[in-house]
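Letters A, B, C and D mark the chains in the order given here, with residues in each chain numbered from 1 onward.
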Amino acid sequence: FPCTILISRTLRNQLIIPSWLEFTQMIETIFDSCRESNEGEVASYIPQLARQSPHTWGMSICTIDGQRFSLGDSKKNFCLQSVSKAFNYAIVASEIGSHVLHQYVGHEPSGRLFNEICLDSNNMPHNPLINAGAIVVTSMIKPTHSMADRFDFMLKKYRKLAGGGHVGFDNATFLSERDTADRNYALSYYMKEYRCFPDESQVYEKGLREELDLYFQLCSLETNCDTAAVMAATLANGGICPLSTEKCLGSRPCRDILSLMYSCGMYDYSGKFAFQVGLPAKSGVSGIMIVVIPNVMGIALYSPPLDKTGNSCRGVAFCRQLIDKFNFHNYDSLLHPDDSRKIDP
Amino acid sequence: FPCTILISRTLRNQLIIPSWLEFTQMIETIFDSCRESNEGEVASYIPQLARQSPHTWGMSICTIDGQRFSLGDSKKNFCLQSVSKAFNYAIVASEIGSHVLHQYVGHEPSGRLFNEICLDSNNMPHNPLINAGAIVVTSMIKPTHSMADRFDFMLKKYRKLAGGGHVGFDNATFLSERDTADRNYALSYYMKEYRCFPDESQVYEKGLREELDLYFQLCSLETNCDTAAVMAATLANGGICPLSTEKCLGSRPCRDILSLMYSCGMYDYSGKFAFQVGLPAKSGVSGIMIVVIPNVMGIALYSPPLDKTGNSCRGVAFCRQLIDKFNFHNYDSLLHPDDSRKIDP
Amino acid sequence: FPCTILISRTLRNQLIIPSWLEFTQMIETIFDSCRESNEGEVASYIPQLARQSPHTWGMSICTIDGQRFSLGDSKKNFCLQSVSKAFNYAIVASEIGSHVLHQYVGHEPSGRLFNEICLDSNNMPHNPLINAGAIVVTSMIKPTHSMADRFDFMLKKYRKLAGGGHVGFDNATFLSERDTADRNYALSYYMKEYRCFPDESQVYEKGLREELDLYFQLCSLETNCDTAAVMAATLANGGICPLSTEKCLGSRPCRDILSLMYSCGMYDYSGKFAFQVGLPAKSGVSGIMIVVIPNVMGIALYSPPLDKTGNSCRGVAFCRQLIDKFNFHNYDSLLHPDDSRKIDP
Amino acid sequence: FPCTILISRTLRNQLIIPSWLEFTQMIETIFDSCRESNEGEVASYIPQLARQSPHTWGMSICTIDGQRFSLGDSKKNFCLQSVSKAFNYAIVASEIGSHVLHQYVGHEPSGRLFNEICLDSNNMPHNPLINAGAIVVTSMIKPTHSMADRFDFMLKKYRKLAGGGHVGFDNATFLSERDTADRNYALSYYMKEYRCFPDESQVYEKGLREELDLYFQLCSLETNCDTAAVMAATLANGGICPLSTEKCLGSRPCRDILSLMYSCGMYDYSGKFAFQVGLPAKSGVSGIMIVVIPNVMGIALYSPPLDKTGNSCRGVAFCRQLIDKFNFHNYDSLLHPDDSRKIDP
């Protein structure tokens, strides 16, 4: 039983974060200081997003040992939006192999806006975390199955990753997204012309409508910080859910999605975020943001006001303070830090 | 004495690579298998590069404890070429602060060719590892000093990083580089027009000639794998040279240059290299390549035949095999690898 | 009766081409020499185009006086394809005013491929002769009417321009075009997102399908060289059909479409064609090409094999020889030609 | 004697503008109405331009018969600046042949800013009227001669075109231009790298400095409206100066430069100007603008305040009114104008 393992490890003081109490107290200080921010605007292109309160602020942590810690509105539901792109990739790559998937999608930042209509020099979308790439990844989900079965397959996978936490579906968001999808239709017709989709994709026979429906449905999956942190921790843990200890994803697809989240996960802020924070992360327009500290923990942050690049203002502020306090940056020197106050928790 | 420390650590079995013999044997196997490659072309735009033998193949490792291991032509001299961009950045950022430096240079991949004439949306070069950015960084080296003093300052710094290893100067390469510098002049005049250089730079008063001379001189610094591995290990070790244990660079500039090498260090292959190998690296047109395993070791690889993106063919092949054998990828899962044969040395 | 006018002018020797016999003999020589060409490929993206014979070669001339001359397959039917863009513009601009039309479409070459997905700095299509601009122009055709009435309105206008010549509809071409329309759908969704269509357009309420149907239907209008030459002559004559002497188009819209045909009428060959031939022209993928000698005559050329830029090989060759023989280039010196053999017919 | 010819033609009423008095009165009305404009800014990047009075406003007309008419500050001197690009092209093309010249320069609008660093798909500058193209054209001026002889050759040619009018040299402007030439140096080094200059050019042996000096010297040629109108009339007249009746330029190069001025002569306003005014024109940053009515006349306009695209505000306003009054637009319908008030002078 995972629970037993956790107790056993605790007794032997072998947890990944040994001084948990001290750690969570520092997290709480950071969390509180971010609450005061008034920056950013709640997304308004569909009413379901516009109605979110700008004051909402939740956070949840789940370590690879299964230790958990939550603050604020950590049980408030939201839609995954673009965060689904990361999990869709990891699920599909685990199913069909990274190698097959990347015959249709690249793995580099595009140097362009996230929804710009352009392909790389191989006529593929630049990476699976921009809209074009995510739509192609969606088309690889069980392409011979019925739409209902395809959605069902993914929902079950998400629930596995979440170790039993809440993963629902927000139909109103789905319907609104579908109605404001001009750019995604433009992108998709453009890719259809260039035959960017796999040959077996239903796109060529049945048209784009159903594929885009599935894409929007996965954007409209609903969860909360408590659950999203577990899902992020599964990525941190090589694909094994820390709560269920079940193998949900391949280890290589986890490594790959972390590479991609590091370089492309935060829209047009990705390069700066990688430089300053140095952690794989993915944000969504609902104000959700997941952050992965590889081999240590997953973090979920939720606050609707977004900065100009579309990332949660409080979420980004939290990450920057986190990296000021702890040596979590990819390239922090562990033995010889300049700032000796920086903590290795 | 560092030597004493190394012995003491060895006795207590606290070295960063505990089973050194086994590790070096595996490295040797990889090294030998790469020797057979016949791919790539030796750079030919200046005679000094064209004359390099395509059979040359050397490698050297230096851990942060100061353990060393070399194979092949590890004592053969070469010019640092673009690898100097990484050290120039780390030296200048340690002198004037990352924050000041980045008022003039960005920190993101450009999504363009490494020598394309373009600036980012702030009218700055995209990052310090493309030519434009490296030229601006050069202009920040002691701008009020004489050219001789500026070069001398840098040479001393390089020798410190190298812990006493050979760092020389190849004048013939310098003179040839200067003669084939049309693109760099074009870039520099373009940046001068946009006032991309700091106000105190000599560029505005004295013109571009001397600044570009200094830039080419630093490209023409000469070293070998044995020494370059020590320099890379200094970056791996937060700026402290593992041989001399002297603090040569700030810890933050080391972290920053590793971030930049990770995302932009391998020319137009950077994105793919980050995805596949997941380690900070920087290559030069002479066939040199340094790779950093943060908090563990520095590696120098030297073989002149280059692939189409300008990276050493044998160097890249070595890295790919390295990451197949060992869990050195940034995002390898340490607890739950798919491939249980992968080694944590 | 126009016929009477023609006779009367002839008797008074006031025709625009006084020595008609000599002129037509020279035209015949040019026509024959172009027949031998074996260059180019018949368009093959839809079967209706692929089935056209590469040997077909027809030509027809109609002067503003109504003098006519035809050679070869001048009665063979073809679809107007992109040539319809020119007439659609002239008809719509005559209906609603150039000024209103150009609130939604620019009037400059784009410097890009004709079907590239991009808008100008005002977020408008660059001009009415690229696909994006032509689709927006189509949306301005009687936007409040039913689809049947809109098509009918245009068909009647085309028949007026043609002075009673054959203008039919090729339904098979329409259906095929609609089935290979990915790029046009991509362009249209992109423009819909940017609200490039007028507010009263049916695009926002009813979607893009019907608008694009109308666009493809106008591309599928069927005519032959004899008739197309009359339509071109109407443009040459300030909007008055030389056969019927009926005012069909405003004089200003005629001037404007000639400007646009001059700079943008020959796809990516437009700049070179303007420089070399110096006449307004518009080509279509069926192999049709109309050329206008302002205030003098309209010419229609039809031969299916296309060069790489999508223009009829024989059509372009004919124009280049025409301009070698006659001083029809926009900027030919009338008084002081270098080549005194050049004829002012 | 040309003078005799003019008198003889006048007596026979065979002048190109029969009712001269009426015509000049209407021109005067237009001229006066433009004087009131307060728009635009005098160029200020060098002091010699900044010192020009914003109130200066001059105009001069010269017909191909040699009839002349001037208003306002028509004798005030200014530098030709970019207007020299048009004459340089016509002179060089007459010397070496259009065909040879266009092996190194294209003939199409670039769709980019006039000084952007880019080449066309053949690695040539897009056309001879953007800076890059003009610099390449300059390098073809008597490449084997000394700099003094090359300048002298051009000065003599300019004076011939001018039929004896004043063509001087403003050394202060030359020296200032040279000092603010970063972009032109950037462009030139870029083109040198791509070997855009002819092999025999001195650029490869002696460097760029002298070539750019010649380019700036030709920009610094000094003249006034009276003389510039004669030079423009020479272009209108197939290369024969209407005052001296001397053949100065080939007829084909005249046709070609008119084509280029039509499509590329007014910087980034070229497309709109062609559409609205429909006449070949070239402007310079001093506020000069020449306009050619082919086979009829040349017009010079001079007023320093420039609009955002770098064209003289009063100059452009004059042209727009001119085309409202007279049927000079390239594509005006001569027989069937909408606006019957439009005059055929």
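Note that in this section a residue touches a chain if its C-beta (ideal position, glycine included) is under 8 Å from a C-beta of that chain, and two chains touch if they have at least 3 such contacts.
Just so it is clear, the structure is predicted and the values come from calculations on it, not from any experiment.
Minimum number of contact steps separating subunit B from subunit C: 2. Rounded to whole angstrom units, the spacing between the C-alpha centres of subunit A and subunit B is 32.
As a whole-number value, the distance joining the C-alpha centres of subunit A and subunit C reads 52 Å. A separation of 59 Å divides the Cα centre of subunit A from that of subunit D. The multi-chain contact residues of subunit D, meaning those touching 2 or more other chains, do not exist; every residue touches at most one other chain. If the chains shown are joined wherever they touch, the resulting network closes on itself as one ring, and no chain has more or fewer than two partners.
Residue ranges on subunit B touching subunit D, taken from their complex, read 117, 182-183, 185-190, 192-193. If you check the complex, the residues on subunit A that touch subunit B are 64, 106-112, 237-240, 247, 250-252, 254-256, 258-260, 262-263, 270-272, 274-275, 278, 280, 294-295, 329-339.
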